[in-house]
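Paired with chain B in one complex and with chain C in the other, chain A is shared by the two complexes that follow.
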Partner chain A sequence: MQDNPWFEKGEEMTAATKGVVDLPDTIPVNRQPRNWRKAGIIVAFCAIPVTILVVFTYFPFASMVGYSFFRMKYIGPREWVGLQNYIDVFSRPGTLSSLKLSLYYMVGAILQVVVALYLSTVLAFKVRGGNVFKAIYFFPYLINGIAVGFIFKFFFTRGFVFDTVLQWCGFQLNQLPYWLRDQAINNWSLVGASIWRYLGQTVILFIGSIMSIDQSLYEAAEIDGANKFQQFLHIILPGIKTILVLNIILSITGSLSAFEGPYVITSGANGTATLFVLMDRLAHVNQKVGLASAMAIVLLLIILVFAILQQVFFKFVFRDAGDGVAEARKKAKRMQRQRNRVAVKRTSVFRNGSRIGKERSVK
Partner chain B sequence: MTANSSSPAHGAIVKKPHVSWYSAKNGFFTLFKYLSLIFISFWMLLPLVINFVTAAKTSDEYQSTNVMDMPKNWLNLHNYVEAFQASNMAVAFRNSFIILIAVLFVTTIIGTQLAYVLSRFTFPGNGLIRGLFTMAALLPGIAMQVALYKLMVDLNAVNTLWGYILMMCGTDVISIYVFIQYFENIPISLDESAIVDGASYFTVYSKILLPLLKPAIVTCMILKGVGVYNEYYASNLYLQDNDLKTVAIALYSFTGPMGSKYNLICAGVIITLLPMLILFLIFQKQIYNGIAAGSVKE
Partner chain C sequence: MKALQKVAAMAISAVCVVSMAACGGTGSSSKATSLTYPSIKLGDTGKDITASIKLFSNRTDMTQASYSGKNWKAYIADFNKMYPNIKVTIETSTNYDSDALTRIQSKDWGDIMLIPAVDSTELSNYFIPYGTYSAMNKVVNFAAVQQYDNTVYGVSGGGDAGGVVYNKAIFKEAGITKLPKTPSQFIADLKLIKEKTSATPLYTNYAAGWTMGAWDAYIGGNATGNADYMTSILPHTKDPFSNPHDGTHAYNVYKILYDAVADKLTEDDYSTTDWEGSKSQMNQGKIATMVLGSWAVQQIQAAGDHADDIGYMPFPISIKGKQYAAPGGGYAYGINKNSSSDNQEAAMIFVKWLTEKSKFAYNEGGLPVAKSEKKLPALFSEFNDVTFLEGKPVSKDESDLFNDLNTDSELAINSGGASRVQAIVEAAATKSKAFNEIMNEWNDKWNAALKTENVDIKYTTVQK
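Then we have the complex of A and B:
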C-alpha cells in the first residue's frame, strides 16, 4: 500500500478537496498513474454522443449552408447560383408578409406571459383545488400537435363549439366571422390555440420560480401592512425577474419560428403561412431545397441575433441581479483588501507585516 | 366572513379582527380569484370535453344534433373501436413503443455518460463539447430538417425505424444539462473514496453515481418520452410506410375521406392522448419538476 502514489500525498489531497469540492482539478495526485484510464473513459463516454451530435446536427447545418448557394432538389443534379437564393428569399412576395405574422405570435406570447403571471401568483399560494387547476392548465401541453390540430379545427368550425358558446352569450351566428378562414381574424385564432397549448407550461415554470422565493418575506411584508398587490410588485416580481425576462426573450425567438399551429390547423392556407410553414412547403413539396435552405439560414441568423442579444442583456442588466448578497460580498471583499493594504503598511514597521498582509489578502 | 375563511394561507398570521370594509374587499378578491380560475379552466377544458362528448355520438346523432348537445349514450364505444381500426392504431402503438424504448434507453445511457465525463473531468475539449451542445439547442429543429432530410436520403435511412431512432437520439440536449446539474450536486469525495478503494471510473459511474441519479433519470425519461411520443413532424417525413407510422401520425389518416366524420376523429384524438393522460396522472410531480429543470439551461 505504501508505494501507491495516491497515499503519499493523501493527506494533502483531502485537505485540498474539503474546501473546494466542486473543482474537478482537485485530484491532481491521481493524474500521473491513471492518466490513460482517464483519457480512455473520456473518449469512450464522449465518442457516441458527440458523433451523433456532429452527424445529425452540425454536418447537416454545414451542408445546408452549402445548399443555399445551389439550385437543387433532394435527388438529381445541382446548379451553382451564388447568392440568387438569398435575393429570392427577400424578393418573393410571401416572405415578408410571413415574417410579419410572427408579430401576432409575439403579442400572443406576451398575453400568455401576463395571464401565466397572474395564474401562477394565485396558484403558488394556498388555493382550494389548486392542484386541480394546475393540472387542467398544464395538460394541453402534453397533447401531440396533430391532435391539437384536430381539436381546434373542430373547435373553430362554423357553428360548432366556439360559435355555440358565443351564441349562448347572445351573439348571432351571422355576426360571427369564419374563425379559420377570415384573414382578419384567423391568425388570432391560431394564436389562441397556441396559448391554450403552452399557457400551462409557463404557469408551471413561474410557480416553481415563485416557490423558491423566501417565504418569510411575505410574512414580514404582511406584518408591515403590505397588501397582496404590493407584495406582488415588490417581492414576487423582483424574485422571478430572471425567468420572466428569459421567457419574454424566448417568446420572441419562438414567435419567429412559429410553426405548429398554422401547419396542423390551417396547413398555412388563407394567409396563415408563417416563415417555417413556407420553408417546409418549399423544401418538401416543391423540392426547392436551395431556396428553403437560404430561408432557414436567414431565419437562423435572425434567431442567433436575438440569442446574442439575450446573452448580452443578461450579462449587463443582470450583472448585479439576485438578492444582492453576491454584490455585498464582493464589496466587502474589496473593502477588506483595502483595509489589508493599509494594515500591511502600518504593521510592517513594527513586525513581520508582510506575512500578516499576505495571509489576509489571500482570503 | 364566509368568503374570508377561504382566503389563502397567509391571512392566518395576522389575527386582528377584520373591519367590515376590509373583509368585504377581501371577499371580493377571493371571489374574483376563483371566478377567474374557473373561467380559464372552462376554456382549457372545453375543447377536450367536447371531444369526449362527440366521440360518444353515433354518426346519425352527430349529424342531427348540435355539437354541444349531450350524447344519448355516454358509453358508446363504437367510435373508438372503429377509429382504432381505421387508422391502424395497433401497428402505430407498436411502432411508437419500439421507438420510445430504444430512444429512451440510448439517450439515458449516452446522456448520463457524457454528463459524467463533462462534470467530473477537466480536459481539453470539455468546454468545446458543452458549447457544441448549447449551440445545437439554438438551431430550430424544423429548419434543420431541410438538410437532415438530404442526409437521411443519402444514408438510405428514410422509411426505416432505425434511422428515425438514431436521429431522435441525436437531438437530445436538455437532459444532458439536467444530468450535469445533478452530477454537480453529488460531492466529488464520493468518487474519490471509491477510487481509493480501487474502483475504476466506469464502476464509479455505473455502481455509485447512476443509482444516485435516478430521480433525474426518471424526470428526463418522462419529458423525453412525452416529446418522442408526440413528435410528428420528423416522423411524418421519415416514416411514410403504413407499417411504420407512429401514433401521432396515424391520426393523420383521418384527413381526406374521413375528414368530416368528427365523431370518429374525436375518438382517435382521445385514443392518442389517453397514454399521456395516464402518465400525467401518475407522474404529475416529476413532469412539473422536469419542466422547471429544463428551463434552467439557458
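Then we have the complex of A and C:
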C-alpha cells in the first residue's frame, strides 16, 4: 500500500482541506483512501456491459477491419489483397455516387431538427393537451424500423393511404405522382418516412433540455420587454446548445448511414440504394465480404470527419453564446493584467523598494 | 490491488466459460457415421436410435397450424409412427439463405439444413456425404445438385420445373385457346388479355425482389435446350447476353420482361407490388400471369376460392420448335458434420423418409425426388410435349467456376441478383435505357469476370 501513487495525493488533499476546516492533529488521516469492496462491486457491474460491448462491438469491428484486406466470401479460402478493396471502393462506379443520396437525407435531417425545435418550443410551455401531443410525436419512434417500412410501403402504394388522403383534399388521382416509382421524387418519399419516424425522438430530447432552463429567466426577459421570439433566440437557443448540436450530429450521421427505409420500402431498387444498402447487397448477395467491409470502414471515416467538422463549425457558431460567466471571468483577468502592467509602468524604480515588490503589492 | 486482480480474473474466467459453452456440443465431431443413404431401409435401419434432431428450414408457413397443406407437425407425427424414438424439431427463417450462411459457421446450428450458397469445394467441411454420385443417382433425382468429386452432400427437397403460372379463366376470357410457345406469341397473348379483360396481363412482383430474381431460372435449359448450359457452357461463354437472333438464350428471356413493361402489359405501379397480396389477386382473376417456379402454384391455389383456375404452363421459348424444362433440384438437405453420429444417422433416416415416404415433394407441387416415385403433380398436365432435361454433375475442377464468376461479375445469376432484373423494369418503364444497352452492360461485367478467373473462352452468343 505504501507505494501507491494515489496515497500521496490523498494525503496532500487532506492537508489542503486541513487549512480550511482547521482539523486538529489528533484526528488521524484516512490511511486507506480506496474502498476495495466498493471498487470490486463497480468492476463487477461494469464487467457485464463492457464484456458485451467488447464481444459484440469491438471484436466484430476488429475482425471486419481484418476482412477488409482480404478477397473473401463468408466461407471458403481467403486471399490477402492488401489495400485493393479500398482502391476498389473509390474506383468502382456507383459506390461513391450512392453517397449523393445522403444529401436527400441531410436536407431531411435539417428539416427534421427545425420542425422539432419549433414543436418542442411550443410544447415546452403550458399547452392544452401537451402530453398527448408529446406522446403522438414520440410514438413512431417506438415502432420497429422494419414495421415502419411496411407501413410506408402501403402508405405510398398507388391509390392507397396517401393518395386517398390527398384525394380528400381535392386532388385527382391522375394528378398525383407515383411516390415510389417516379425516380425524381421517390427519395423524397423515403426521406419523409424517415422524418416521420425520428421526429419524435428529436422533439423529446429538445423538450427535456428546454424544461431544464430556469423559468425565472423568462420572467426576467418578459419584464425587460422581450417577445417570445426574442426569448427563444436569446434564452432557449443558447440554453439547449449542447442538445441542439447533438441532435444535428445524430441526424447528419444518421443520414449518411440511412438503411432501414430504402431497404424495406424499396429494397434499394429504382435509384434508392444508399451506401448502406449497397454494402448489404455486396456482402450478402454477391458475397464480396472484403469489399463490403472496406466500404463500411470508409463510411465510418466519412462519418467521423463529418462529426468533427460539425463540432468545429458549432464551436464557431456558438462562440458568443453561454451564460457569460466564463467570458466575464476571462475579461476580468485580462483587465487585471492590464492594470498590473500600467501600475508597474507608473511606479518609479527607486521609490518604495523594488519593482517586483511593487507589482506584488498591486496584486 | 489483489482484490481487483481477483475480480478481473473472475470476470475473464466467466467470459471464457460463457464462450466455451457457446462452442459446446462440438466435441463429438471426430466420430462421423458410416451410414450411406442408399443402404438405409426405412422402418428397419436405426430402429434402436434414440435421438433428438433439429431441421433448419425456409418453410416458415409450414410451421403454422393454419397452413393450407400438410404442416411440419403432421409430417413429424407421421414420421414418429415409424420412428417413435427420433424426436424432430423444426426451426425456420424467412431470411433463410442469409441466416443459414451465418449460422453454418457456428457448427452448432442443428442437424439438418437446406444447403445455402456454399461453394461445392467447401461442402465436405460442413456436411457429411450421403454416398457416391453413381449410387445416389440410382435412388434419387437431382443427385448432382450438391455434389463434389463424385460424392453427394445434399438430397433435394423437391424438383422445380421452370414455367409460368397463369390464370386459365382469364386466358379463356381473352379467347386464348393455345398456350404460347415463343416470346412473341406470349407478348401477343398478353396484349390480348389487356385488350379483352380487366386483369393485369403480367404481374412483375418487382418490389419483393426475389420474385424478380426468379427470371434467372429460365436462362439455362429452358432457353437453350441444354441441361448443362449453366454449369459447363455459360462459364466459358463470352458475351452470353447478346442476341442469338433465333429467339433463344438469356437475351430473349429477359426481353420478354422488358417488352412487357415497355408495352405497359404489367401492373401500373411496379414499385409498390405486394407478393402476399398478389397470390389472392391472381386467384381471384385480377392477374393473368406470373413468372415463377412451380412451387408457387400450390400457394396461389390456396390463396382463395378459385384453385381450379390456376395452371402452370411451360416457359414460352422454343428451341427449333421444341420446348424444354430443366428441373432444378432447389434446396437440398445437408446433414451437419459436427453432430453426434447417432444424430447424423437419425437425420439421414429422416431425410430418406421425407424423400420416399412423406410425399413432401408431391404435396408441395414439386417434381418427385425419389426415383421410385413416378407420379407428377397434377399441375404439370400442360407439360406433356415438353422434354425434361437432366443435368450431369459438374467436373471437380470447374465445380466453383460459375460461383466465382457470379461473385466477380456481381451479376449474382440465380443467387439473389434481384436488383439486376429490377433494373430491366426500371429502364423499360422510364425508357432510360434500351434493352441492348442493359445486355451489353451485363456482357461487359461477365467478360471482365472471365478475364479475372482466366477462363478459356469456347462459346459466344454473338452471331458472326
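Methods note: the second predicted complex is superposed on the first by the 255 of 363 C-alpha atoms of A that agree within 3 Å, B and C clash if a C-alpha of one lies under 4 Å from a C-alpha of the other, contacts with A are read in each partner's own complex, and residues count from 1 in each chain.
The rule is simple: contacts are C-beta pairs under 8 Å (C-beta built on N, C-alpha and C of every residue); 3 or more make two chains touch, one makes a residue touch a chain.
Being a predicted model, the structure only gives us computed values, none of them experimental.
Contacts of A:Leu173 after superposition: neither chain B nor chain C is touched. In the superposed pair of complexes, A:Val115 makes contact with chain B only, with no contact to chain C. Taking chain A as the reference chain, the count of touched residues is higher for B when chain B and chain C are set side by side.
Residue contacts after overlaying the shared chain place A:Ala307 against chain B, while chain C stays out of touching range.
In the superposition on chain A, contact is made by A:Lys288 with chain C only, not with chain B. Touch criterion met: A:Ala269 reaches chain C, while chain B stays clear of it. In the superposed model, A:Gly76 makes contact with chain C only, not with chain B.
In the superposition on chain A, contact of A:Trp36 is made with chain C only, not with chain B. On chain A, the surface patch touched by chain B in one complex and by chain C in the other comprises residues 37, 39, 44, 55, 74-75, 154, 160, 284.
Interface of chain B with chain A (complex): residues 6, 8-10, 13-14, 29, 33-34, 36-37, 40-41, 43-48, 50-51, 54, 66-68, 110-111, 113-114, 116-117, 119-123, 125, 129, 132-133, 136, 138-140, 142-151, 153, 166-167, 169-171, 176, 184, 187-189, 192, 195-196, 200-202, 205, 226, 229-233, 237, 247-249, 251-252, 254, 262, 265-266, 268-269, 272-273, 276-277, 279-280, 284, 287-288, 291-292, 295, 298.
The touching residues of chain A, counted against chain C in their complex, run 36-37, 39-40, 43-44, 47, 51, 55, 73-76, 153-154, 156-158, 160, 178, 180-181, 183, 186, 266-271, 273, 281-282, 284-288.
Within the complex formed with chain B, the residues of chain A that make contact are 6, 13, 17, 21-22, 24-27, 30, 37-39, 41-42, 44-46, 48-50, 52-61, 63-64, 67, 74-75, 115, 118-119, 122-123, 125-128, 133-140, 142-147, 150-152, 154-155, 159-161, 164-165, 196, 199-201, 204-205, 208-209, 218-219, 222-223, 228, 243, 246, 250, 257, 259, 263-264, 276, 279-280, 283-284, 289, 292-293, 296, 299-300, 303-304, 307, 310.
Contact residues of chain C toward chain A in the complex are 3-4, 6-8, 11, 14-15, 19, 98, 101-102, 104-105, 117-119, 121-122, 125-126, 206-209, 268-272, 274, 406-407, 410, 412, 415-419, 422-423, 426, 429-430.
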